[in-house]
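This report concerns only the one structure given below.
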Amino acid sequence: MKKKCVGMLLAGGQGSRLGILTKKVAKPAVLFGGKYRLIDFSLSNCYHSNIDTVGVLTQYQPLELNSYISTGSAWSLDNVSGGVTILPPYQSRYGASWYRGTADAIYQNLSYLQSYDPEHVLIISGDHIYKMDYSEMLNTHIKNHADLTIGGLIVEPEEASRFGIMSTDQENRILEFEEKPENPKGNLASMGIYIFRWPVLKRLLKEDGVKEESQHDFGKNVIPAVLAQQLNVFAYPFMGYWRDVGTIQSFYDAQMELLLQNPPLNLFDKEFRIYSNHESLPPHYISTEASVTDSLISDGCSIFGEVKHSILSGSVVVEEGAIIEDSILLKNVKIGKNARVNHAILDEGVVIAADEQVGSAEQAILLLGKEESDA
Amino acid sequence: MKKKCVGMLLAGGQGSRLGILTKKVAKPAVLFGGKYRLIDFSLSNCYHSNIDTVGVLTQYQPLELNSYISTGSAWSLDNVSGGVTILPPYQSRYGASWYRGTADAIYQNLSYLQSYDPEHVLIISGDHIYKMDYSEMLNTHIKNHADLTIGGLIVEPEEASRFGIMSTDQENRILEFEEKPENPKGNLASMGIYIFRWPVLKRLLKEDGVKEESQHDFGKNVIPAVLAQQLNVFAYPFMGYWRDVGTIQSFYDAQMELLLQNPPLNLFDKEFRIYSNHESLPPHYISTEASVTDSLISDGCSIFGEVKHSILSGSVVVEEGAIIEDSILLKNVKIGKNARVNHAILDEGVVIAADEQVGSAEQAILLLGKEESDA
Amino acid sequence: MRKVMGIIFQRWDHELQIFTMNRGISTIPFGGRYRLIDFALSNLVNSNIRSIGVLGGAKYGSLIDHLGTGQEWSLHRKSQDLAILPALENYSIEPGVYFDLRELLPSKLFIENQTTIQMIIFQPSNQINNLDFKPMMDEHFNSMNDVTIVAGNGRSDEFIGSPNENRRKWRNREILAVLVRRTLISQALQRMNQGGSYDLLNLIRRNQEHLRVKMLIYDGYYREISDVSGYYEANLDLLEAPVRKELFEGPRMIYTKSKDNHPTQYDNASIVNNAWIASGCQISGIIQNSIISRESMIGSGSVIKNSILMQRAHIGNDVYLEHVILDKAVTIRDRTVLKGSKDKPIVISKGSVI
Amino acid sequence: MRKVMGIIFQRWDHELQIFTMNRGISTIPFGGRYRLIDFALSNLVNSNIRSIGVLGGAKYGSLIDHLGTGQEWSLHRKSQDLAILPALENYSIEPGVYFDLRELLPSKLFIENQTTIQMIIFQPSNQINNLDFKPMMDEHFNSMNDVTIVAGNGRSDEFIGSPNENRRKWRNREILAVLVRRTLISQALQRMNQGGSYDLLNLIRRNQEHLRVKMLIYDGYYREISDVSGYYEANLDLLEAPVRKELFEGPRMIYTKSKDNHPTQYDNASIVNNAWIASGCQISGIIQNSIISRESMIGSGSVIKNSILMQRAHIGNDVYLEHVILDKAVTIRDRTVLKGSKDKPIVISKGSVI
């Protein structure tokens, strides 16, 4: 069935800088803001952008992600034609190959795209925090008769060397693109969001697929190749909230922003809801002795102690006398009596014994995982 | 969440003896009987056996299979806890590895099983045609206090050397097991259906996983190891209809059996329905000039010619004057005017031009695929 | 983005009451595997309308069973795409009224709260057609219409001027759909408390001078099912290639609840000519010019001519049916003969054993 | 395999009518995120019963919206696990009757056709409990009972002998569930055409000498919700640890329709003590001994004491509520004071602005 635009969501990243948080799950499956997983943002964006056909490319620890995504019904992305399809590496008659890079992952799934024969292909990743209506970007892409449109973001000049930096003319036509330049010529950074005309993408990936020296990466190989070919390439400047949460610090900071008086990312907005696929838990209980301020508390929590400026995911228990401050507690964390947790991220299932002290305001964020259990 | 019994369905097989039928899809996704795919039988069996948690292990061309299985809702196997989970090979912190054999596929997914910590694990494959209530086998397994129970089938003595052959005592305790013996000592063949006690399976797979010389295959390595260890191993004799459709001939024969007056496999039985996940198509139309006898006709077909002793999948068109005999036409096949098809299997989308002749009663079954299209 | 809601109405079913003892008009089986409502609902879905209300009426059991949460129509529970709107208690539908706004009263909040919705499309639930609302919506919005009426090309001239001279013409036309600005409906619902009219078409007619009203004439195939002979004819229309082509072979599919049926089995004695046959049947007799629904069994030596069989018909051996309509799950014993006429087909009600 | 069906009945809702203007008793919101029916339905699902009928009544809109096809309860559309059974037209529920078989008449075929079903479990839709039917079913089948009655341990002695001497006792007990052989129900439905009784408990009582009837006394927590003060108390029961533990922390979960809500946000002025709070709220005031449902907003300086807030309460600043129940989507303007009493809480109906 022919589609106007099909989405390809790159969800194979390990996210090794997130330490133990990605030991057992892929980065897009990491919990954020008490109840979301990172991928919720991209998938919800697809829903709100009327992109009803999305291939999700997985490779690293996909189990949690596969069962989380399921049919995509949580994001209203299950359709009679289209919907969400998980695309893991696979074996074919011609052999078996892991995805060698972001471009290769899509190259190996050209037949998936071919089955919808779309006019355009949207390529996004599953590990950024933002709300964006891709359909506006698509409309601009079509209006420009672009072969490729790249979502772009103004970054602080001192940050620029961490990104792919684009130089554009007044019509946003991209003149130059440098991946992680040492001396950035501008501060319009690529968000890693691409819309390609499908025939152009197909040709480029076939060309890139056979290049021995290529790392098969969009930023490093495909985009420079596009620019070298004098195609119609535009930037689409995005003005909204956007966060890369690739490090422990940025992961922590982005969540703490949710506790501001007027958070830059409004998750209460009913017109652009972030959907997620969460388990059914009862409301949370706050006891007579407890105190909760400046915090986000999820379903199923039981709070008998004090919680200040913290984010608690589902079914966290804070016993009497315990004090939680400036911390993020993921699912099923248990805090014993009179324990103290400060400036810490506790991974799923971590148990802090009574009277224990964990983390400190003076030190870097403490990331604590559960002891390895027998598998 | 703790489960009594979790199913593991091996669906990674290429099925190379099925030729072009498995060029683009894994064997369990091959069409059978007009509207089913091979895997429908195993998944429907799970539903009827109250096995509500099933891991499906895929590796070869899984795209069609993944989107076909989806959440498993077609087989009522989508549950708040459990349901169907696709388990492709994946990359972890410790590296990435393809499934090296049937046992290795399960070994690499021990953590999936561990998350349900079941009492027993049922291992089945996705490419046999049969109706079986596994819960009866499970009850026998429990009653016997067995560590392992193997589903067994009486085969013709001359067929026995194609199977794993079990020798048993009067209580069905397995005394000996030989994989594809040259001189079979009996004719009770393994169906490749295993129920293990979970702790036993876990230990065996860990032992097998580190053996350099092992092919990591249940029949070749794990079952012999079990018997060597003097564990409690029983056979569970199955008396019903069972077909392996691994070759073109057996694939053809099993389907032609559906056209018998009283087919051994009753697909009209409402108490043990075979569920499938099919697209919505209108009824079929049979024109004034057409003639249809001894055949199975699926939704969406339009028949203006003659169909004798044949099976037509969805949306097949047979134009005026065309004659189809003793043939199996998969989805979207088009037969032009006055063409003749005899003793043939036509793969999805094959087009036979007007007046063409294809296949012959005197020759072996003709298997015809579609010309390769540009991907 | 233009936000549009679709609402599918019940209709007066008195002339179809043999089919509507235990179901609303919208779920009368049709065409071998469909229900009447599938056409209106698929029209909305195919036109990318994802906010849909279906009036449930009093006999809502089969409707709920049929629609579920709308998954077969790609409607989603999470984003609340489909709502079944409960009927007003102790109220029955009137014959002359196309869209009776009183039916919407229990769901007043449902409509009023959706303040982002700009326009509502009203459709009756008893029409067979395959409409593409996209160009009609474009026309509606581009012309800044308050009301766009989509009428059949059946029996009268094009709509022109003032209400009075057109009253007769309106009456003579079948209305396929009405597109109305949402705020007009909210106002009408509020005024009904003060005795305002509840007949949408009448309301439009009376206020025509203050409104931008446009009529579009639809040239394609359509049938309104309001009596048994219309039901019979519309089913047999499916034996015409152009009708099948327009309804089922174009880009816009007609969706319905899926069933797990085996392909239909024909034995060596079956003789079938000009028939539209659904899956799950076992056929061993002679079928001519007929519609056979899912899971029907036709015994050997039996002849089915010019007949409509709904789901799970069980026809014995040596039966002869001509100009007959069987409702669901009818059993006809061996050697029974039933002969109606083209103008007055015999109807056997649901679950009967003859 | 034992094949068992569950049927959940409507109940007389007169004393709760402030909540049931536009919904049946079964969908009254409860406990921050549930509806009353969630408990009966979860009981069946947790006992592996996968064939369930729910009586829809006349005001079925919220029920259909809530249940969908039952996916949140792991019920499946494909295997037809859940049916919403339409009400008898023009019929209203009687106060004294626990299970009124007349409600089943439009679904007679639904019950009669399921010939593989051996036993039916009847539950009312207005009870809060967490029952495990598995041991009760074992008892029922092993003792070859015709009827097993599960009664609360509330107010009377154990059931012993003949119908007459126990009539009073039966009346005094709350019935949590009745397990009945299916064929008895089929017979009763048939006899109703000849003026047979429609009160299931009465029927059992009258035929007790011919039947094997057994009563099981349930020792766990349960509450029947039949008036406002019972509703109020049952909600506040959730502030007791043993009640929460029994209802929500055991192996049998209470399922409900899922909503996509953000975790609840507390600001730096919030003071919350002894409260049960659902997700999606924004809390900036003082909350004591209260139940706060999803998506509620409590303005700064406001005090909520001993109150039940249903979904989407919107409380302005400096409001004072004590012993108050707010139905869904109530807005309370700044500085409003509402004080009820423990015995007579103030109830504000759905959608009000105060």
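The chains carry the letters A, B, C and D, assigned in the order they are written, with residues numbered from 1 in each.
Heads up, the rule we're going with is that contacts are C-beta pairs under 8 Å (C-beta built on N, C-alpha and C of every residue); 3 or more make two chains touch, one makes a residue touch a chain.
Source: prediction; values computed, not measured.
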**Complete:** Of all chains, the one whose CA centroid lies most distant from that of subunit C is A
**Request:** If you tally contacting C-beta pairs, which comes out ahead, B-D or B-C? Let me know.
**Result:** B-C
**Request:** Calculate how many whole Å lie between the centre of subunit C and the centre of subunit D, each centre taken as the average of the chain's C-alpha atoms.
**Result:** 36
**Message:** Using Cα averages as centroids, what's the distance between subunit B and subunit C in whole Å?
**Reply:** 40
**Request:** Please compute the C-alpha centroid of subunit B, do the same for subunit D, then give the distance between them in whole Å.
**Result:** 44
**Fill in**
Among all residues of subunit A, those touching at least two other chains are 73, 78, 80, 275, 280
**Request:** Identify all positions of subunit D at which a residue touches two or more other chains, and write them in rising order.
**Result:** 71-72, 77-78, 255, 260
**Message:** Touching residues of subunit C toward subunit D in the complex: what are they?
**Reply:** 22, 56, 58-61, 64-65, 68-69, 71, 77-78, 83-86, 89-90, 106-107, 109, 260, 351
**Request:** Spell out the residues on subunit D that touch subunit B in their complex, using ranges where they run on.
**Result:** 48, 71-74, 76-79, 81, 116, 255
**Message:** Looking at the complex, which residues from subunit C come into contact with subunit B?
**Reply:** 31-33, 72, 239, 244, 248, 253-256, 258, 260, 262-280, 282, 291-292
**Request:** Sort out for me which residues of subunit A touch subunit B in the complex.
**Result:** 12, 14, 23-24, 58-63, 66-67, 70-71, 73, 78, 80, 83, 85-93, 96, 98, 109-112, 114, 279-280, 374-375
**Asked** For subunit A, which residues count as touching subunit D in their complex?
**Response** 33-35, 259, 261, 267-268, 273-276, 278, 280, 282-299, 311-313
